[in-house]
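For clarity, chains are labelled A, B, C and D in written order, and residue numbers in each chain start from 1.
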Amino acid sequence: MLKVGVVGAGNMGEDHLRRLAAGIAGAEVVAVSDVNVELAKRVADGVGAARVHAEGHDLVGDGEVQAVLVASPASTHEAFTLACIAAGKPVLCEKPLAPTTDACLRVVEAEAARSERLVQVGFMRRYDHGYQAMQQVLAAGSIGAPLLVHCAHRNPTAGAGVTSDMLVTESVVHEIDVTRWLLGQEIVAASVLRPRRSSLGEAGLQDPQLVLLETEAGVLVDVEVFVRCQYGYDIRCEVVGESGTVSLAEPEGVHGRQQGRRSSQVPVDWRDRFARAYHTELQAWVDGVRGGAVGDPSAWDGYVTTAVAEGCLEALAEQRRVVVDLPERPGLYAR
Amino acid sequence: MLKVGVVGAGNMGEDHLRRLAAGIAGAEVVAVSDVNVELAKRVADGVGAARVHAEGHDLVGDGEVQAVLVASPASTHEAFTLACIAAGKPVLCEKPLAPTTDACLRVVEAEAARSERLVQVGFMRRYDHGYQAMQQVLAAGSIGAPLLVHCAHRNPTAGAGVTSDMLVTESVVHEIDVTRWLLGQEIVAASVLRPRRSSLGEAGLQDPQLVLLETEAGVLVDVEVFVRCQYGYDIRCEVVGESGTVSLAEPEGVHGRQQGRRSSQVPVDWRDRFARAYHTELQAWVDGVRGGAVGDPSAWDGYVTTAVAEGCLEALAEQRRVVVDLPERPGLYAR
Amino acid sequence: MLKVGVVGAGNMGEDHLRRLAAGIAGAEVVAVSDVNVELAKRVADGVGAARVHAEGHDLVGDGEVQAVLVASPASTHEAFTLACIAAGKPVLCEKPLAPTTDACLRVVEAEAARSERLVQVGFMRRYDHGYQAMQQVLAAGSIGAPLLVHCAHRNPTAGAGVTSDMLVTESVVHEIDVTRWLLGQEIVAASVLRPRRSSLGEAGLQDPQLVLLETEAGVLVDVEVFVRCQYGYDIRCEVVGESGTVSLAEPEGVHGRQQGRRSSQVPVDWRDRFARAYHTELQAWVDGVRGGAVGDPSAWDGYVTTAVAEGCLEALAEQRRVVVDLPERPGLYAR
Amino acid sequence: MLKVGVVGAGNMGEDHLRRLAAGIAGAEVVAVSDVNVELAKRVADGVGAARVHAEGHDLVGDGEVQAVLVASPASTHEAFTLACIAAGKPVLCEKPLAPTTDACLRVVEAEAARSERLVQVGFMRRYDHGYQAMQQVLAAGSIGAPLLVHCAHRNPTAGAGVTSDMLVTESVVHEIDVTRWLLGQEIVAASVLRPRRSSLGEAGLQDPQLVLLETEAGVLVDVEVFVRCQYGYDIRCEVVGESGTVSLAEPEGVHGRQQGRRSSQVPVDWRDRFARAYHTELQAWVDGVRGGAVGDPSAWDGYVTTAVAEGCLEALAEQRRVVVDLPERPGLYAR
């Protein structure tokens, strides 16, 4: 059994804790930390974890903890991940790896210096059934070279504090990571267009946005991001190749026929839509750590996603195409 | 221009008149008859037909009328169709050809005696885009020999006077005709099962029913007929072959996403669902008559459908499997 | 019966002639012209038209011709349409109204000067069942204000002479017309992005392209145009509103299940996909002319579409956002 | 951790062992038995189970084993399940509970005598995402009282030894269990119709069959079972209620568009289609046992399914409707 410590007992942390405790084989949660110690205690009790820390660094240093899941606020990811690397402990860091490219780069450099993969970043879509099937079609080459990718990322509603930048940093980062993975290519430029704004919800927010990403081979990726679409959580992706296309199917359970309409349900939120992907991601991480091979997305992937997102923010603010410059990929992360 | 007379200006007649007047090339309506002369006049005016008859036989005998469309009540179909045959005028007789096998047989015999095809019966599904595509798949042999057919025939609501027998005589007759045509086989036996009855609407009606038809080659056809399904007019058909299946797709125009659901509209009634099929049927009839070749379904098809429907009624009443005996197919109707 | 003359007996002309002769009520073809007189004669014979002209202007001037369908090469549209206006004869001009905005504007001015609508332009999508259902949803306001439109326009293969500009002038013009109509808004700016090119077919062609159109209210329309997508003719359109979306459903006839896959057919080409829309368009034109009311799209619509297409060509060539300036809409074309 | 022993290391046993070892939280496999001891050893090694028995009864009696999963041949299920009951150990018995109603009844009586639920039967569909969503719709009452259920159960190919009876005992048993559960009603009569046989594969097999089941409330369930449909593993279910219907959606991951067709994959076999359901079933069993509450389907459910299946076999052999008589439901299994 892999003894896991979880840093951060908020929403995302609690979700992961529940999964680790009840649905993941080969792991047990032994420690929980949160700046809110009462919360940490309550959550730890719920999953039978004996050890509670107020300070995440103490959890990382706890000798009973063999691997760490970081689900604390994004601003703290760098420090905890660096501590795990220093301690030689595998870490699954929730997305983003860190909010700035500089911070991400420090993690990449620390891990590269150790010449050992310890960090996996929590972009769970790579573990989604549908995206995996798309990846297999692309890898098999049956639709020819990819030319375009069309994506939509829609949330029903957004919290009060949402900003225009957060459409990129909270939502589009998933499309950045998953299209890099699907295509096996880096993104080299970004633009962000500003369509008519929805009048529903608070004013001043640029919602929706149309993000345009260009890859090194010239593939053009368009991402509609719309965080207050009202009707549900809706994720779509189609890759257009030279001789065919492949796209995510709707995640349907049942069809109903009532009152003049055939219908099926749209997921309520991302937890509902990607429940199975989160499960598969966590199990794969536990299996990987126990087998001595930390999986992807890597710290490098986390760094690049933040770098591209920064390019998008600049493009959004300045309303121009921004070139994304990346340093050379360290050998540790060779494809 | 083919000069058409229409017998019967009720609902069905008026629909056909509107189509003939406004959407069918190569035909003009020159005469209308109805026992309700005022109605006939009003309708004739609407389509610019100069000649009005109180009596359908006068219309059939009218020298200006080159071809007749019979849309009067079913009990009168035999007499008008026989009159058309006697007059040597092509006739499109709305379904059923006649309510009894004896009456149908008289029409068949009259036409066969003349050795000339004059009668087409108004089962319009053979002219539906979807059924035609199914027929092509079957004819191409790509799913192997058919073994089973699954059908559903659902109406949202039924009028006050509906009887259990009418589920067969008004609705299932369409499935009888279209599966004979799809399979190119005769039906040799029928059973009717009585599922739990819907409690909505008036009591005493056996609604829904499950009709089971067996063809000469042993293909088993099940037809759910449900005339008060509430939610819409819904027609489904799947043919299961030895190596694959083919089925009608949903007749969708647009998809909507609202309030947590993806949905599309179910047609309101048969006119809506089969509007295009009626149009194609009428145009084909006009083209056929002008080209000297009356099309299918023939009087023989109309006769067989009524014979199978009578078998179903007997099966429904006596709750047993009823064998359908058919006389030899006259040479005029050779496949 | 409306006596129609058809200018141009090539592919498009012949399609229209066949429809007019065989499937459209209330019209008859009385004259055909083509610079290839032998072709014109052969085609006229096929549809029973007695009068053949080598010169389209003679057909327009022919006293037997009450209304004209122009299906000759695009470069001749202006002259024939102006002749029809001068002769006071209704004209259905195939798309485009004319290849340049100047030419289109001359038609608009001639018609406006007469203060009478005579010209309908052949953008047939407005008569497609699916687009009409979308338009009804939008008009009903049930998805709120439109914010984004996503379109794809894919052809399986393109002829040898196709140029990068023709992706706009032959294909995207349909999306320009239909989104203006769906949204009830003018397009004010255009950009064209150049994704990775398909390596299939001849080199040097920018195929696919991603065209971005902005409306006066800020709605952003993206159109993927890809004329050698190999797999079929595929048209998609989704309008994203503040509280829901509406999109074209797939034009499916039947579903098959064979060899490990569920599948349905993609139309082979635009004639197949829009056969019913062409029919509805022609019937509506004939009905409109006979009823004294020429329908849409108008000469103004034809002018604006060409103006926006010119903006796209400039945007494609210069790789920048181009503002589309339109003169004031003449009162004859008031919304 | 629940210490589980697995009886039977064949196909089904090995599948379960792999899941238990790698994907189920809170359980560890401690013992494996198989009459083929070499196989048992190899499989036990693979999952890290230290204890191997040649004889299943020794495994049941093994003091280290807290709960037993029986995946041995059906003829041995009764004996091992009875042994588990005698030992007071929870047991998940693969379907069927036993091949005869008499044998099943002995298990029911033994468990009822103990007044304690220990047995869960391995009908995994109740744990499938889609069936669970259907069950929720039915429970919510939103489609009104169920009247009809339409099912199809198709396998691509069948092994050499398959018999006509096995279509019922291996396949239809799943529909028997799941429709009883969906409807919350017992089945009281069965008929089996014999459609035209597929000519593919060995002769003499009645394949497909149409099984008709009637519930105590009169709901009519039709099940097409077709074990050599060639094209894939395809499970369908639609419940028709008084005011609407609910049906399983297709289990699609991605859509492709290639070579003139839109298509998606049909699962290859039941393991593929129900992988997630098996996982959920096992996790629920482990959670239930650890929480002191053994779940459904119960021994009673297993008994009834075998009783109904026996009725079907009699109906198939004698070609008549067979009434299924059930004893009173013991209080231990009260709904």
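The definition used in the following text is that a residue touches a chain if its C-beta (ideal position, glycine included) is under 8 Å from a C-beta of that chain, and two chains touch if they have at least 3 such contacts.
Only a predicted model underlies this, so the values are computations on that prediction, with no experimental measurement involved.
Peer 1: Most remote chain relative to subunit C, going by C-alpha centroids?
Peer 2: D
Peer 1: Centroid of subunit A to centroid of subunit B, CA atoms only: how many Å?
Peer 2: Result: the chain centres lie 57 Å from each other.
Peer 1: Centroid from C-alpha atoms only, then distance subunit A to subunit D, rounded to Å. What do you get?
Peer 2: 37
Peer 1: Taking each chain's centre as the mean of its CA atoms, how far is subunit A from subunit C in angstrom?
Peer 2: Those two chain centres are 44 Å apart.
Peer 1: Could you pull out the residues of subunit D that touch at least 2 other chains?
Peer 2: 230-231, 243-245, 250, 257-259, 264-265
Peer 1: Touch graph of the chains shown: is it line, ring, star, complete or other?
Peer 2: Here the contact pattern is complete, since every chain touches every other one.
Peer 1: Which part of subunit D faces subunit B closely enough to touch in the complex?
Peer 2: 144-148, 150, 152, 193-200, 208, 210, 212, 217-220, 222, 224, 226, 229-231, 240, 242-245
Peer 1: Residue numbers of subunit A touching subunit D in their complex, please.
Peer 2: 21-27, 129-130, 132-134, 137, 142-143, 243-250, 252-259, 264-265, 276, 283, 287
Peer 1: Spell out the part of subunit B that touches subunit A in their complex, as residue ranges.
Peer 2: 230-232, 234, 250, 257-266, 268
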